[in-house]
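Several structures are given next for inspection.
Both complexes below contain chain A, partnered by chain B and then by chain C.
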Partner chain A sequence: MEDRGGNDVPASIPSGEQMVWADVSPLIAAACNDLHDGELIHGENFNLFAAMSALEIMDPKMDSGMERNGFHSIEEAIENGAAPIPLSLDRTVDVQRCIDVMDHLLSCEATWHRGHSLAQTVFSCLYLLRIERTSTHPLLHSYCRIMRSTCDVVITAVSDARTHEEEDFFTTAYSLPLKGDGDEKCLSLLNSVEETVSRQLRACKAQASRKKLCDGRGLELAKKHVMSCLSELGSMSKSVEFLRSNAGGPSDGEIECRTTASGKQPFGFDANINSRLSAPTPPRAIQILSWKQAIEFFEKLLNDMDAIFSLPLDLSLENILQFLVQFQKSQPDLVARAHLQLLLVQDGKLYGKYSFHVVISRALVLPEGTSDQAFQENEFVVQLGQLTINLIKILCTNNAWQRRKLGKILQDWGVISIQLELAFRREFDEMLKVSADEILFTRLSKRLIVWAEEKTYWIASRFLLLGFQLELYSPKEYCMVYWYMYVIFVNLLEKMQMRASYPVDDSRRKGKKKRDLAKDVGLESGVCASSSCMLLQCYVYISEGLTMMLAALHNERQIFKISSPFNSEHERFIQHFELLQRANVPPHISYHLFMESTTHVRISNVVKHNYFREVQRILASLRGSFAGDSNKLLELHQLEQVIEHNRIALSVIDQVGASDPSLEIRFEFQHHPFFPVAVVKRS
Partner chain B sequence: MEAPTGDREPEPSEFSPSETEYLSYGGEHHLPLIMSLVDEELSEPYSIFTYRYFVYLWPNLTYLAFHRGKCVGTVVCKMGEHRSTFRGYIAMLVVIKPYRGKGIATELVTRAIRVMMESGCEEVTLEAEVTNKGALALYGRLGFIRAKRLFRYYLNGVDAFRLKLLFPRSETPFLVSQSETSDHLAESQFAYC
Partner chain C sequence: MEGETASDPIADGSPLVSRVRKLLFRRMLVGVKDGRFFLGSFHCIDKQGNIILQDAVEYRSIRRSPQSPMEQRCLGIILIPAACRSSCHVDCSINEQMSLLSII
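The block that comes next holds the complex of A and B.
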């Protein structure tokens, strides 16, 4: 610093009551003299995080407070005319520029949803940062208010749902001005502006402005909102030619990456203005999504929201879990997932209405005479209810995080199953005089155990299957993965079949109309359960078939072998299934058992056993039961492809001889997300 | 932290593995070499504190590869307690482009891992971009599994894999065969860094 007295400091950051500027150059110089080249100040608390957070002052890649070209403060930017109001004295140009600002804000909003900081996206808008300035410009003012309050609503939803992981900073607003008086009335504000604009525009037969989804009184209303938003997005897309021709903007090639429909740079944005707010990491240059990408982003978000609002408010936990798995296939973004979770679990109740003991009791088909009160207060039922809530919340998180969380909660489910079993045995031993109550208790406990175990295996299967979606398995590990899946599926199937076999208690339903009865039975047991069991039976056969096929190829061709200098297949087995093994899911499963069941397998055995033909038979009979369910029918078709291709591959390998070096064998997931087909080529 | 994917580059005609020398961190004169390699190849800006944090605390886990006196690659690691396990961590691995695909990275990493193993580590971890096929193949051959996927781990929005190598427990002895290691190295003629 030139001025040793430290008086000449930037005017934009004045000294205050709590803060005074002081020159530390002499202190730093003295400290430097104490250090020799290559020495490092090291303290106990200077860990990797501290080292990585340390900044090199005046390195533009790290020092966010460094003097840059550009404005030092919002006020300075505004004084220099960076965000004029009106945007032009020419009213037509003013409207054009206003639309550019709106477009760019929309792109910023989408970019924020995609995981960038609010400070560097939406709040790079000078108009938004000083919203009161815009009050003389009703259109811009209302849009900015809506944008601000939308951000606030979204942050609240995401924070409440807590489905976010690495996107943690999504909700970090630092000191950005997010809350504004009267923002909760933004819809009426928007309506009044819209009315005015519409009145002005009606003469020229133009369309009304965009309306945002903020409020949902009932799913039907929400669906209507979604539809109207989608149609507005459609109108926006149609307006692009018009806006571009008016602007005389850049050519088509360049327009692709622009953030406005017109292709023009918007007024009033400064990406660096909040650079000091993006602590603790220095700000990075970010790419704002293009206008086209932003529109696509919001179309996907709206379609995902539509799927959520189409959720039948069904009490069957099985159907809810299936819906969640299906919903996650389209990889919905954080905001949609957060809303789904808020819809499913509110105040610890399903849809904010039904206690989870009710959900569980329906799944169990409670025996006649069970006291609702006693059931509801049973400590295990209370615990299982809580575990079910956690499970639903976890299934709303992104797939990567979801898998890690599922691995962890397996412990809890494993423990409660064991506790239930122990409690049941204890009571049973003490039970010498057999009363009606005790028989009832026995039946109830058994059902509760089976239900808890079934859910445990379901979680385990989801945990293993997500590994494929996340690409966690290498082909060299497929054999052990399919073997473990086979084991889990067999156990899951056993529990599902036990539950499906419970006699439906007619007496509890006597008061109901016939139609309701049919509906109830159809949901939880009967047709639905048996077709689920049959589909699972297909998974069992296919997993077993793939395990054996891979084991035979391993044994006869030595393919898929890793010769690591540091560990063996045993260590990789331990690592992949550590969480399942720790939770005892299932008991008595070990690497040695895997070795025992796969070491001696030959291709000829696999061909003889014909696991895949069994599947074909079941699939044929399943078609009828899934009629009308397009997702299920699609999967049946995929499974047919998988078994057909693998059957052919097996017979080719068998005929040519598994050890023939001219054969090239790969496994590809072209037909099904987690069951591959063997692709055999002769070189 | 990760290493970038390596494109296959034309071989420098004069390359010969016997002329490649591997040294563990030898002092301040090595630091600028490491910093310039990493700064050039990895996107993340690391402060001098980060480099010194590693090389001063674990100089025995930092290796440099020299070809005819030119520094062409480096690996920087650490080890310590992590949730009641003693764990090694590979922080940075870089081989400059023209020297990729020659087993240099495998040799660098293998040396570091061997020191970790001998120092009593139970496992070794690192993160790699899901798109970095070269690095994933390299670590896969060494026995690492993809333990987790980390959603949008990098600032560029790309997911990461957490890779893990578990050493055999002492009750199940596993011999590190020297000949197996060098056979393996001779085979690894793929592009990675």
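The block that comes next holds the complex of A and C.
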């Protein structure tokens, strides 16, 4: 038996006092021979169940301490020359190798962002693990310092935002040396190194600057920083040819998966050196992103950051919610989402500047005579402020998390609307010690209720729409989903219209920011609100049209009908809308009602009703009001496509006869993320 | 561990098995093929020679050289498959050692 431990017990493992280590291998081997199959030798306290949880030694999935023919420790690796400083005595080679290390570190960082452990990615770098060694090599040293403090900054941001899930991102750093004295000054360190480098090594100038904002005095600065980072990434990409030709590395085909621009293997990395630190998770085999992928990753991250920094700071809550929905469409990375959340909600204030009662009062257009103090202290306003903060935070999370949480907070919003309804008159009478003008209180609290209800329906609609993005609905369920969406949109529209109808009494507004507020409110309840209402009206018609079309197809063709022996249609209805029903959003909605409104629908009714034609009319008039808003114009175009195709499909079905067995009907989301197009084919 | 638990005492009463049974709960030091050692309380063994130790500590040399210092890590309950075991010792007095050696 070949073994390194041998039969000799190392002296550093002492036996007990007056005791020795006796070799029992032969005894055990002989005893095992005498055992029957399945027999165990164990004590009375033995519990098979507990024994099952034992960590299996030498199992690569469980045993993080396994030796993998690598170095036993960082020190041993360094002593064996795995991370030489300088990287070469030849200065040109030294620079080339240094760039390889930087490139690989960048790939490691991107891989870490994608959800792998810090220990197996960035901190597989021996230079980074013993950063003090690099002090004689200013370029490498500053890069390592920057890398370390960047990781620290990112971890802090993500942990503060608390929107990460375990599989998203490893914020746990275990015992890795993440913090170092003077790391906060790393940018100036970097600057001085860059100056030196650009003097000494012109060819490598582009490599020295690093991305990421370590600090930022205002969004303008941050934007500038992002721009310069993007241009640096651009020049890095341009340097590929140069670096590759110098290195004489592998061929183009192979280079795609390499982690350095030159295509060479970098010095000073050992993916297994930290495997014991990643406990309790067993070390997993990971693939570091290629250099090219890493560059793309950071370009996307920087572009997302740029979108965040471009957000104007005087937005109304409505616009912020819209921005969040729009921003999420680009599927931003966790780090970008965390930063967005931190920017929006700081110290319980919007942008760290406006209290949420101010944000709410802006949206309400408070009637004259409302005492700010009393409004601010009103318990409902406080609660609504808190709910709004939660809503913003939730909208910064990933889609699955978002939907889960939105479903949960619906309840809170539903409850507060009811409470408001019940309590407003009495409460406001006491709180707002204004002359006993009953009309004023009624108006104010009415507005508060309408606002809260509007938000409730908005949350409900977002909840339902996210179901499409997460692919939670099957075609057989589309009918009930669009029916529910239709109901929600109708209610949301009603509330929005009520709010838009408030008189804009800017002449009577008071307060320091009079002009700002007036402008903001005027804009919101004027043009913007009316075009948002019209767009929503389109949603209403399309949802209704789709519901009816699907219902008619159920009724006349028996397709898209749930006929599973396991889940009845009623059960699926409950599964999908339980949270909405529980929150009473909207009230008095039931499966029964759904059945009632869909069982008798025929294709001929749907054609006659012409829901889609209505939409076309509205869309045409909307174009002008969204001029300049490319996102909105894109959506209008998408909706037009949906309408047009469905209208044609509908008339084809009607002409051929819905019950014609040669018709093949499918619904596809090729034009719009949540409104499908009926594809009709004759076989 | 596979198979059913042998809750009843071993029927044929092999003297070797009873000797091993006496080692239960003793401090056992198991070396494995990659050079590490595990010290823990002997908890269980099956016919295939797979050993379970409780409250185990891993010893691992931080350098390749034989005189290297060792680092330790607590692991709790571990299963050491027979296939990777390279040595097995128990802590005992010198007298006992003689009797253990005389068995075979």
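Quick note on the criterion: the second predicted complex is superposed on the first by the 583 of 683 C-alpha atoms of A that agree within 3 Å, B and C clash if a C-alpha of one lies under 4 Å from a C-alpha of the other, contacts with A are read in each partner's own complex, and residues count from 1 in each chain.
In this section, a residue touches a chain if its C-beta (ideal position, glycine included) is under 8 Å from a C-beta of that chain, and two chains touch if they have at least 3 such contacts.
Note that the structure is a prediction, hence the values are computed from the model and not measured.
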{"item": "Touched partner set for A:15, first chain B, second chain C, both or neither", "value": "second"}
{"item": "Which of chain B and chain C A:403 touches, first, second, both or neither", "value": "first"}
{"item": "Partner chain in contact with A:73 - chain B first, chain C second, else both or neither", "value": "second"}
{"item": "Which of chain B and chain C A:29 touches, first, second, both or neither", "value": "second"}
{"item": "First (chain B), second (chain C), both or neither touched by A:608", "value": "neither"}
{"item": "Chain B versus chain C as contact partner of A:563, first or second or both or neither", "value": "first"}
{"item": "First (chain B), second (chain C), both or neither touched by A:48", "value": "both"}
{"item": "Touched partner set for A:56, first chain B, second chain C, both or neither", "value": "both"}
{"item": "First, second, both or neither for A:682, with chain B first and chain C second", "value": "neither"}
{"item": "Those residues of chain A which chain B touches in one complex and chain C touches in the other", "value": "37-38, 40, 42, 46, 48, 50-52, 54-56"}
{"item": "Sites on chain A touched by chain C in the complex", "value": "1-7, 9-10, 12-13, 15-16, 18-43, 46, 48, 50-58, 65-67, 71-73, 75-76, 276"}
{"item": "In the complex, chain C residues that touch chain A", "value": "1-6, 10, 12, 14, 16-17, 19-21, 23-25, 27-29, 31-39, 43-49, 52, 58-64, 68-71, 73, 75-81, 84, 86-94, 96-97, 100-101, 103-104"}
{"item": "Contacting residues of chain B [partner chain A, same complex]", "value": "27-28, 31, 45-50, 52-53, 56-57, 78, 110, 113, 117, 130, 140-143, 145-153, 155, 157, 159, 161, 164-168, 172, 174, 176-177, 180-181, 184"}
{"item": "List of chain A residues in touch with chain B within their complex", "value": "37-38, 40, 42, 46, 48, 50-52, 54-56, 59, 61-62, 114-115, 165-167, 282, 284, 398-401, 403-404, 470-474, 476-477, 562-568, 570-572, 574-576"}
